[in-house]
Structure formats: structure tokens, C-alpha cells
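Input: one structure, supplied below.
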Amino acid sequence: MTDGNSFEVVFSGSGENLCKNTPIDAREFARKKSRAMIDKRMPLDEAIKKFVLDGEYLAIGGFGHIRIPMGTIYEIVRQKKKNLTVSGHTAVQDIDVLMAGKCVSGVEIAYVVGFELRGLSGVQRRQFESGEVKMTDYTNGTMSYRLRAGAQGIPFIPVNTMLGTDTMRHSPGKVVKCPFTGKKVLLLPSLNPDILIMHAHRADKYGNCQIDGHIVKDDLQARASKKIIVTCEEIVDTEVIRETPQHTVVPYFMVDAVIEQKWGSHPANMPYQYYFDNPFTEDYLTAGRDEDPEVMDKWLDEWVYCLDNFDQYLKKLGEERLKKLVDLEFLRGGN
Amino acid sequence: MVEYTIKELMCIVAARQLEDNKSAAVGTGLPMASAMLAQQTQAPNLLIAFEAGGVAPQLPTLPISVGDSRTIHKALMATTLIDIMDIIGRGYIDYAFLGGAQIDKYGNLNSTMIGTNHNKPKVRFPGSGGANDFASMAWETMIIMDRHSPRRFVEKLDFLTTPGYLDGPGSREEWGLFPDTGPSRVITDICLLDFHPKTKVMRLIKTHPGITIDDVKKATSFELEIADEVGINDPPTKEELRLLHEVIDPNGLIFPH
Amino acid sequence: MTDGNSFEVVFSGSGENLCKNTPIDAREFARKKSRAMIDKRMPLDEAIKKFVLDGEYLAIGGFGHIRIPMGTIYEIVRQKKKNLTVSGHTAVQDIDVLMAGKCVSGVEIAYVVGFELRGLSGVQRRQFESGEVKMTDYTNGTMSYRLRAGAQGIPFIPVNTMLGTDTMRHSPGKVVKCPFTGKKVLLLPSLNPDILIMHAHRADKYGNCQIDGHIVKDDLQARASKKIIVTCEEIVDTEVIRETPQHTVVPYFMVDAVIEQKWGSHPANMPYQYYFDNPFTEDYLTAGRDEDPEVMDKWLDEWVYCLDNFDQYLKKLGEERLKKLVDLEFLRGGN
Amino acid sequence: MVEYTIKELMCIVAARQLEDNKSAAVGTGLPMASAMLAQQTQAPNLLIAFEAGGVAPQLPTLPISVGDSRTIHKALMATTLIDIMDIIGRGYIDYAFLGGAQIDKYGNLNSTMIGTNHNKPKVRFPGSGGANDFASMAWETMIIMDRHSPRRFVEKLDFLTTPGYLDGPGSREEWGLFPDTGPSRVITDICLLDFHPKTKVMRLIKTHPGITIDDVKKATSFELEIADEVGINDPPTKEELRLLHEVIDPNGLIFPH
């Protein structure tokens, strides 16, 4: 070890890294998983009981109102999981329902509180503004970069963003000069969530998953996370996967549980299958914005606690309503 | 005379700022509508990229989200969020097109919180989303601020979410942001601003019809630069309004009929 | 800037970074390219004249004997380009022909000289062992990681490989301790090649490219490189690209020239289209292994210099021979 | 008695080392054939991944390259080289399966050059390829060396391309390589070796039929550890040979008929 150079840290942020896993922890975890093709189908409630533990760090697939695993979210609330730390990578209705159900004690934020064009969430504002939920701010890009580092198994990654801002000051990032070029970059710690919940277009019973359209970040989240619960619109034969291997986003050996859950992203948008259920989300937002928190509790009673599972939720929605979302997706009959 | 709302005017003035043969990464709402309008007018070759992975879609209608399936409809590429960020980092995106809750004289934006304690904000906003990434790495940042008022155009932000010129000339470079980048335009409900090339302070260049320079000064908490000749933005043309209502937002999502 | 920490460099390698571009150079270059959809079709010889300059750093798509842009390689040799530095990311017949044509003065090596199961190359051994071609050694993984950094626009990237080996000692890498976890990692400089030549299954005339099967590294190379010349088996209408946007590997705005060149990877393997022309490669290797370098010069005369273009090369090969490669690919009539 | 070649024996002995329900990233040639044979025998659930992006193909025949189209034939995933590297870095690959030109007592490999001057090697070999990455990040490294001789089993490598235990116990960890990783088996044309758990020096555990301990010592330039009981590898069974010739390599690419 011949050189005594050093590499100056010109700034250190004050934020806390809310995920305590290192890439080495994630490796040890991966080592114990079988590489065999095992049938991983199980009821959703069983999967949540087994794999989502109080106090864990949760990553959620999809983006905003797109391809988010809402069926799984409702089940986590139904089981009253506690003290989850959530990766808030454009987190919208997914995190909102979790927070309404009092499941969340910390969030690493890129985008929360907002429902994009639909305005702000009352539920999230109350919990963040009261200080009861811990926050560390990042950006959508840097949350992805942290996952990329976690997927690679490296403990940190340089980025060209956040530099000079309060977003940086309140993060755990450190600014250093590149030892090759002298350019300043921000180093951020990698991210290895305990568990990823995601919703795919199709999977086989072993967990090989395919997604249609933009992958957004599910590929990185899957590679970075220790455990994965996949719901999908359809469970297909492995031969279907083998016909288009280029289309596989997550290989089976990373996956712990597979559940067929048609409409599993409702009220969100499943590209090429169904569009947003906008009135449903508006009603939900309105309940959350009511000054009386019991209004939201009543919503949860009606749509989560009083139902045994997601199939009952779908029954309650009714076929007509769901069919209309398919028409909307295919631009039949207005936006 | 053509009737129009201020929101329509803002969208149209913003669209007019975009040059042809350039590329834009756009946020939800007005930025998206402006970029789409520019494609229908002076910038037919404007490339639009969406944060969630959609590149150059043939947008059948205004997307409600930067990730929704409209953003990949007959797109040239449907990729990942990190790929879009990399593409911006590599210098392929000319315009970051954003909004915010507060802005300061150097074009820094707050979309995180109001208050003084980050752990217990008075009002919690969404945070950066992709805004900080876009404004850090794209060549130019275009900003739409929908209410120009002293509480929003402030001397000091409650939280600096997204970089403008940070502490002024040279400050972006000092922190390691890419050279020759930064905000270039601010479009508000009363005027159009750019940034003084030397001082990097926001500069009034055009007011909206019926607004005076003094109105703008009063609506701004910090001291603005004022261009030698402050012009007046042309009101929307019939064609611009038609495109907005019939082509861009036929369902009245942003611009109700 | 509040913190005075530093970040110890415990080792610095002695190797030279043979690529002089920084991510900032690559950005400036990207800024000047039009974002308009422009017809970029042109004859291959014109593309090479215009975009491949003596002394540049060249990246080559594909891997080993798979999907390599051989038509473009032959044309570079035909035009007697000089002093290219080549990214040798499992470089086999592609780099061999370039070196036989005396086009190469430096190589960043992950894998060279070998033709996998077919043994070593005489051409490359002579030029590397005489010291006439500069070498810096890396690995396949680290060459990809350097490209990923170049694609992200960061000047360096941490990796978990090469540590403690002579491969590391002879690289420009630096070993540091992670400022978050204390784990040692190797930092390598990012890579932004001057030009990428690649061969795709299909592209439109603007340069939107799709590849079938494993992408290997063409996606990263495209994002990292300043200029791109694409040859493809077929030029398709843009509507074809828009039908499966998820399949697009390189978007048009990165691309400088597009050339339809059916069989453009011969004698290599184009997945789902044609298999290796093994006898061709064996004959080529035999020529290169001859102690008399004129034997290789004769091969080049016959297959490159005496032909005007790749179409003449295909004619010389004959339809029968090419058709057989399709049969081999689809496992008709033996391996 | 069954007739066999030494190459066949090496491939078969190597295959026998692979446990079921594990995963292997394999190089060209013997490693690939061994992993395929293990799938046909004691390790039907062995996951095979190829450097160029093929994961769990249904190999119709022995691929000639780690990237050729056979390696994605009816695969579960066809991805990128960097994704395979990431998957290894994340701990999903149990066995790196490699060869080399020289090896030392700590299982370090040279596949780069013979000579003393890196800029002007006496013999230039291919270099690392993916070998260094595999051996750095997979849990175990299995090594096949096709000629066990003093010039190949050396005290000091001409170039340390790919890490074994580097300078001995603790050395991998000191340089930052992942804990609890390193070479576990060496299969040669005369014997089978592992590594002493304390000293990390290569240890003879089984000879091939007809080979003595002394033969192995003479073929090795460094001082080997010798297991308390050195066994003898069982010769190939008829079934193993049948699988090799009829199922794995029917075209005689590696094992001519």
C-alpha cells in the first residue's frame, strides 16, 4: 500500500441514513436463499405475515400512481404493521394509505405529500408536520442512484446532483473532490431495503417477473432489496417467460413470494391494462383532508379493515367500474 | 379581443421560450402543457422526456402524472427513471422545466417545507421529486411560479430544495455542479424574468398585459434586476388557445372550459 | 463547508488512463447535437470518414464473437485509420482485424488475444509482445462499471473487484475507505469513448436502435460515448420502434450515422439471425498465426483491401454459405 | 473397465464438486461443461449464469462462447454483463468457475502474461476477462488447471490477474474484498485440491487414479498442504461419460469422440 494521498471531504451533511443495512448484510442474506426453482405462490396475507416485519425498511415498486402494489399495501394496513421506514421515491397513494393506517415511523423522501396534479394529502401533512414521522430528504435521481449502489454491492456512490442545496445539507451526503479530475461530487450511502413489494404484469410461480412499458425503478429495487413480494396481474407458465427472456426484469432467485392479484394496482394505472380510478382517489384524498381524522378511519374501515382481502375489495368496486378503467387505458370514451 | 385566463397566458408565454431542436425534461402540470404547446407551435422538433422513463411519446392527451401510461404511448423509448437521470447528466437535456413554492433572487427553489425546523415543518410540501436532479444537470432551467407574491418571491428560502445560482456567480461551479448550467427563465402570473448574466440575479424582462414594473417590484421581496427595456408579453393568439383546449388538454384537466 | 474530514487513499495504481475524455467533455459534446429527428442514413465509408478520426478512443458493441460490427471494422481497416485506442471489453475478432490492419496503438484490456475456445491470436501476440501497442489492464466488470460512470456523468466509480491484484496495481485505480462504512473499495476513472461502433438488429433512419436478446453492454457504451455509428440488419419505419418502446436500447439523439448492413456481424453470431462462421474464423486465425506476417497481409488483401465494400465481401462469401449460418442458429443440422 | 481421457476425468471430478440448489457463473470450455454435467447428475437445481447476460438457459448444446446465442436459448433472463456482475456482487452467485495459466499456493491466478515487463510481455495472455470480477465477488471459486506442472503451479506468479487468498489469511479482507469468499477447489489433470482452512495454502485431498502424492509434490513448485487422508478420485462412470458425449457435447467441441 504505497500511497499516502488523501481525498478531502469538503462537506458533510447532517441527515440520518434511515436504512441500516450495508451491502455486506444484503450479501449474507442473499447467500441463504435457495437457487432452486421453488413454487413460491402463497396467499397474500401469509406472505405479508411471513416477510414484512415491524420496524423494517420497505421499498415499493412503481411510481406515483403507476404500477404500485396497492393490494399489498391494503394488506399491510389490515395486518397493522408498525414502525416501517419507507423509501419515498415519488410515493403517492401507496405511502398515504400506509400512513393513514399508522404503519410508518420514518420516510426517506424524494417526493411525498403530493398527489401530483391532484394536490396535497391531509394524512401525510398531519403526520409529517407533527414531527411524529422521521424524515430524510433526497431526490428521485439520488434515491435511484443509492439503489444502484446497493444493487452493485458498493457502500456509496458519487452523484452530480443535490450539491449546494439544503436537500444536501439535510442528507447524510459528503462532498469530495474526485481524485482523478478534481471535480467535486456528492457521495451518498447505498441503499439496501429489507423488503420490496412490487406489482408486475406477469410472473411465473417461481418469481420470474416481466413488466410491460417503463420499468421505472423496480429492477434496481429488486436487486438492492433483501426480500421481495411480487403480486402480478397473471401467473404464467415458465415457458412464457422463456419465450422472451429479454423481457424479464426480476429473476426468480431474488423473489420470496408470488401472488396472482388481478387489478392489484387499483386505483392506480397499470400500463397497457387499466387506467387510474380518478374518482376513487379523489374520494380518498377528500377523506384524508378532513380535519376530523375519524373520516379517514371510517374510509379505512370501509375499504380495508371490514374486508377480508383484496378480492372483497374488487367485489365492492364492481365489475362495471373496473371495466371502465380498461376503456380509459385504451382511450375509449374520453380521458 | 381574445379572452384568456392568467393560467393560459402563463402556459403560452412559457411555451414561447422553448427553442426548436432542443430537449426538455418536464414536470407535471403547466410545464408538461407548455412543452406540448411548443411542439405544436414554434418547436415541432422539441424532444420531451419524462422522469419515469417515457421518451418522445405521441401524447394522445395530457398525462395526469409524469409516469402515467400516456407518457409512453407510442414513445420512442420506455426506459427507467435512472436512465432519464443519466441522460440529463450526460448533457442531452437542454431544458429542465419546473415549478416551486418559493423562489429567491438566484432562482433557487423551495418545494420542501415552510417553517424553520426540518423535523417539524409548519407546512410540508412534496420535496424535490426529480426537480433538484433536473435543475442540477440540465443545461437550462425554466421555472413556472403560479403566484408572484412577496411570500413566494423571498429574500431567503425556508429550505433550498433545488439549485438556481445558489449564492450567486460562481457558486454552482464551486459546489461541483456542471459548468454553464442554471436557471434561464421564470414565468409568473404577472411577468417573464431571466437572470442577469453578470450578477445572476433575477431580472424582469417582460410584464404581462396590464401589469406595471412597479406591480412586479411590489410582488417581490428581494431587489430585482430590471432590463433596460421591459417589454410586454403578447396576449395569447386564438390559435394558441385553440391548441391548448382542443389538442393539448381536450378534457380540461388543467384548463377547464 | 463545515467538515474537515478526509478520506484516506490507501493505494494508488501505476497504470495510465488511456482515454482522456472527462464526463464534462462528453457533456459539452452532447450539447451540440441536434435533438431533431434527422435522417442519418449514409454509406458506411462516408460515416467512417466523417466520424472515426485517427487517434481516437474506440468502443465496439457486442461481446467476443457476438453481435460485433464486423462490416464497420473492415471499413476502418480499408480506410487505414491510425493510432486508435480500443476498449478491449472481451475483444476478439473485432480488435484482431483492427490490429492486423495496423490501426491500433493502445488497448484498455479486459480480454484480448484469446479467441475463447479457439485459442490465441498470432496477430495480437506479436503486437502486444513487441511493446508496440500500449496496454492498461482492467476486467470485464470494471470496464462496464467505468462505462456506467461515464453514462452517469460522474468522474469515478467505486468497485468491489480487482482489489489486491496486479490487475489493480497496473491500473490507474485508487483504494479508499468508504466514508460511511469503512469498507475498502477501489475507485476507477469513468470512461467516455470518442466513438462507439455497434451492430443492432434494427434501427430507424433517425438512429433509434433495438437489439434482440442480451444487450451485453451496448446500452452503457452508447450512453457513455460521444459519437455513435450504428449498423443494423434492417432499417425499419419509426412506427415499428414506437410499437415496442421498451425494446429501444439506444435513442436517436445519441446517434450520428445509421447504415443498413445485413449480415453486418459476419463471421460472428447475430442472436436469432445467424450463427458463427467457424471455418471462416479458423482460416483467419491460421493466417494470423503464421510466422510470416505477409500471410495475414494476403488475407487482408483478399477480404478487405481488394474489395470496395461489405456487399462485395458478402458476394464473395456466397449465399449458400450465409444461408447455412441461419440453419446453424436455429439448430437445424448440427451445431 | 471404462475408458476415459484425463480431460473427461477433470470435467467429471469438477462437476462432482458442485452442490445442488447453488448457482455458478462459468467461463468458456471445461467450466461450462462441468456445470452442465452437474445439472445432469447430482445438482439438477444448479443455476448457471453467463457473463454476457444469459441466466438459466435451456442449453441445446455446448456454447462456444460465454456470450453466444446458446447461452440465452430459452433462458429465464437475457440481460447485460453489468447486471450479471451486480448479481454476483450482491451475493447471489455461489461458484465462480474458472481456469488460468499459472496458479500460486494461495490460489491466485495469472491469465495475463509471462515475463517481467508488463509493457512488453514475453507471452501475452487474454487477461482477466470476467475472472477477476467473478473470483472477487462470488462466494467460492472453483479452478480448473489443465496441466499440473512446476511451471504452472508456481511460487510466484508473473502477474496476479485474479485473486485467490492474495498474501494469505486475512489478506482478502484487508484489501476490501468481501468477507468469507475465496477459492475452494482446484481440479487438475492429476489431482483434486482444496485450501487449508487456517493457512489458506492449497491442500491435496485426492489424487486421480494411478497418481501418487509424490507425483503431485513433484509437479508443484510450492510446498503443498497434504490432507491427513488423501483419497483417490473415482474414475468416470459409464453414465457420466454418456452424458458428457451424448447430452453435453454431442458435437465433440471439447471432447472429441
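Observations
Think of it as A, B, C and D in the order they're written, each chain with its own count starting at 1.
In the analysis below, a residue touches a chain if its C-beta (ideal position, glycine included) is under 8 Å from a C-beta of that chain, and two chains touch if they have at least 3 such contacts.
Note that this is a predicted model, so its numbers are computed, not measured.
Between the contact lists of subunit C and subunit D, the overlap consists of A. Here the CA centre of subunit A is 39 Å from the CA centre of subunit D.
As a whole-number value, the distance joining the C-alpha centres of subunit B and subunit D reads 57 Å.
The geometric centre of subunit A is 28 Å away from that of subunit B, both derived from CA atoms. Touching of two or more other chains is recorded for residues 54, 72, 78-79, 85, 89, 137, 178 of subunit D. For subunit A, the set of residues touching two or more other chains reads 24, 145, 152-154, 160, 175, 183, 185, 213-215, 245-246. Viewed as a network of touching protein chains, the structure does not reduce to a path, ring, star or complete graph.
Within the complex, the subunit D residues that touch subunit A are 20-23, 45-47, 54-58, 72, 74-79, 83, 85-87, 89-92, 94, 137, 139, 178-179.
Across the interface of their complex, subunit A is touched by residues 28-29, 51-54, 60-62, 64-69, 71-72, 78-82, 85, 89, 108, 112, 117-133, 136-137, 157, 159-163, 166, 171-172, 174-178, 250-251, 253-254 of subunit B.
Those residues of subunit C whose C-beta lies close enough to touch subunit B in the complex are 23-24, 26-31, 33-37, 151-154, 208, 223-224, 238, 241-243, 245-246, 248, 251-254. Of all the residues in subunit C, the ones that touch subunit A in their complex are 1-12, 17, 22, 24, 145, 149, 152-160, 172, 174-176, 178-181, 183, 185, 187, 189, 212-215, 245-247.
Contact residues on subunit A toward subunit B in their complex (touch as defined above): 63-66, 88, 90, 109-114, 116-118, 120, 124-125, 128-131, 134-135, 137-142, 144-145, 148, 160-167, 170, 175, 183-186, 213-217, 219-220, 269, 271-272, 275-276, 278, 329, 331, 334-335.
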